[in-house]
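One chain, subunit A, links the two complexes that follow: it is found with subunit B in the first and with subunit C in the second.
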Partner chain A sequence: MTVVDIPPPLPVRDRSDQRDVAAGALSPMLRRLAEEEATGVLVREHGTLYLAQGRVVHAESPLAPGLGVLLTAHGTLAATAWRRATEHSTSPADAARLLLDAGLLPEGALELCHLDALYDAGYFALAPSSTPGRFRYDGAPRLGPLPSVPVVSLERETLRRRLLLHRLWPDPAADSAPLIRADPAGAAQVPPRRRAVLERVDGARTALRIAHDLGRQAFHTLVDVRRLTADGLLAPMPVPTAPDPPPAGFHPPAPLTVTDPDIALLKRLRNALEAL
Partner chain B sequence: MANTETALKEALTSIEGASGVALVDYTSGMALGTLGGSKTFDLNVAAAGNTDVIRAKMRTMEHLGLNAEIEDILITLSDQYHLIRLLKGRGGNGLFLYLVLDGRANLAMARHQLKRIEQDLEV
Partner chain C sequence: MPGIDECLLEAMRLPGARGAALVDWTSGLALGTVGEAPGGDHETTAAEAAELARLAAEHGAFSAGESEDGRPPVEDVIVSNHDSYHLLRFVDTSFDSSVFLHLWVGRAEGNLALARIRLGEMADRLVLG
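Now for the complex of A and B:
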């Protein structure tokens, strides 16, 4: 006869502290600034958010192509027109406004590119960082004709994007490393948008570089990169860590070899799912 | 030439039977704009979910070796229509319009109107 042990109950979070948990999800400082309707510039490790009256009007990150790249890459706007506009203005948002006033840009296209760029850079700006963010009160960011975004929306979308990437392929190694083709013969059945990414994988370019080349958002390129990685079509360039050269027939370890569940990650996932 | 908000407003007011409309980026599943919907019908959820519909269809076409492009996708429920129109404009970086119609709607007219709104948006 077998004795069936009842497993211990799963930990249940006290619901009363949910608000605090949600508030601390990405950046408690940002939440506070939103609540006090602050105007200024929040500089974080991987990007910068521009706030006007507590709303995000603009975001920049070295990890994401900016508004100019998105506007000029697909013929929405001539590159020379963009260059001329940026020479006469202090920020990409100002440059866009100049072009809009001059009738060189359709309003709808500009709005969409602006939102694309904002959420894209915002995603990286709100990435977990090792240093605290700094906020400078500054009257320069203004609510303008371009759409602004409430802080909670940006946070919610950033969390959703993190989950989406994690669901596609849980290993972030390919996000920042130079990429190599893992199975050059298997590229026959890749949809066109993803094929464009795959064709630019050459052992030197990273996902960010490919995003720049294609004039696409960095996050969108990461989605494609993770999907291609999951399909076994590309891999991050293996970093030589061992002093000895790997023996013949060496394969880089499969990215997902974790045997014990990552409690911190599961908790973050649960929080994010509950926040949806 | 219209901005997003105007385009969505026009879709909702000029298309008979329309109860919700969203402009969605199908790589991220994010709705760049929504209008209408209700407490029980969250357009943001619908937007994210329908990106999977489009991706599945595109993959199938790829596997079949079809080179044509998807213009729109119609989903017929017992009491609603859901109409998905993929945007092709120059900057149309993988966007689609998602329209919820009630069962009395004139489908041919709705498709025609949606096409016109797409052109107005000039993306």
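Now for the complex of A and C:
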């Protein structure tokens, strides 16, 4: 399991620039980089975006399983083939290109996984952060055979996903905490994909860990977790009032602000969508 | 081995095809679109089609019994109205996903039976090569 090590929160950035927020920009810096068609790497608190000529070519986040997990978890690609490809390349996007050139994967399957991984990690990378992002101009990210995504599209989709989660169940507590079954008898009517999530709830696993186990996108897992929470079938592990000293080797889940939606922004977005 | 765009362009060559999209039914995201969309907006169409696809996939009434092997429980969803057909074909992938192909076909020029067979073949080729 990937353990997220988030530094202590720094002073919150000044959010007085309401113009950009009103325009739906999740990161004013990202919007500027897109406008100047920048190429490089944007490192944010919860993830990293790779830009080539102002378009997003790849995204990574410690909160999302990533392309390698999606491709290898169910044997679509042998784990050794993925390892070999990543050893010979500088980024997962380059590795994917090598696999494509070698004919190890159907193009459609690879494009699909690539876009899934990009939007999934991008969602977390654009989550509200307590520290400013850093951009490094770098010629390495390139527009390649795999599809790239305009910054505006990733931002719009990320906002839509936040709204979707918020509508399913407004409390983000279950997104990052270890999960417990709330009603072990009530699982009869759960559809198969959601049941796979529910069956892995054991009081220790988090949504992210379940996503890794299933080789599934983290956001997809959050959708199921929120639906299951709304149905009263699972709940976040209650936080003990007087925490015991953690046993050796136990890493408490890092606190997240990932799906804490900006309600005012979401309401404006909803109104704008409904006005279309 | 076709990519997403080639697959959608191939779907557009079917008689009467007006628009096609590859859509994720968990998130409602259109991963690729081509041609027209009803109302002119592919994003809204994708979100609405995703909701329909999800209902079909998640309600036991429409699935072919228990499918624990990860295959989509439903093959396709067909909606007809007075001037067109909508065909949603679930894509069976070897990796974890929840996507379908959405084809919009004019009723006068289209051939629903042919479109259904061809779209199924395209869905297979997209992920199997």
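One rule holds in what follows: the second predicted complex is superposed on the first by the 216 of 276 C-alpha atoms of A that agree within 3 Å, B and C clash if a C-alpha of one lies under 4 Å from a C-alpha of the other, contacts with A are read in each partner's own complex, and residues count from 1 in each chain.
The criterion applied here is as follows: contacts are C-beta pairs under 8 Å (C-beta built on N, C-alpha and C of every residue); 3 or more make two chains touch, one makes a residue touch a chain.
Just so you know, these numbers come straight off a predicted model, no measurement behind them.
Trainee: Label the relationship between subunit B and subunit C on subunit A in the superposed model as either fit or clash.
Mentor: In the arrangement built by aligning on subunit A, the partners subunit C and subunit B clash.
Trainee: Now for A:55: first (subunit B), second (subunit C), both, or neither, which partner does it touch?
Mentor: Neither partner.
Trainee: First (subunit B), second (subunit C), both or neither: which does A:76 touch?
Mentor: both
Trainee: Under the stated touch criterion, which partner chain does A:97 make contact with: subunit B (first), subunit C (second), both, or neither?
Mentor: So A:97 meets neither subunit B nor subunit C here.
Trainee: If I apply the document's touch criterion, which positions on subunit A are contacted by subunit B in one structure and by subunit C in the other?
Mentor: The answer is residues 70-71, 74-76, 106-109, 111-113, 115-116, 119, 147, 157, 160-161, 164, 189, 191, 193, 216-217, 219-220, 223 of subunit A.
Trainee: Help me check something: in the complex, which residues belonging to subunit B touch subunit A?
Mentor: It comes out as residues 1-4, 7, 23, 25, 27-30, 32, 48, 55, 58-59, 62-63, 89-91, 93-95, 120-123.
Trainee: Where on subunit C does subunit A make contact in their complex?
Mentor: The touching residues are 1-4, 7, 22, 24, 26-29, 31-32, 41, 44, 47, 57-60, 66-68, 70, 73, 93-99, 125-129.
Trainee: Any idea which subunit A residues touch subunit C in the complex?
Mentor: Residues in contact with subunit C: 70-71, 73-76, 103, 105-109, 111-113, 115-116, 119, 147, 157, 160-161, 164, 189, 191-194, 214-217, 219-220, 223, 276.
Trainee: For a test of understanding, state which residues of subunit A touch subunit B in their complex under the given definition.
Mentor: 70-71, 74-76, 106-109, 111-113, 115-116, 119, 147, 157, 160-161, 164, 189-191, 193, 216-217, 219-220, 223-224
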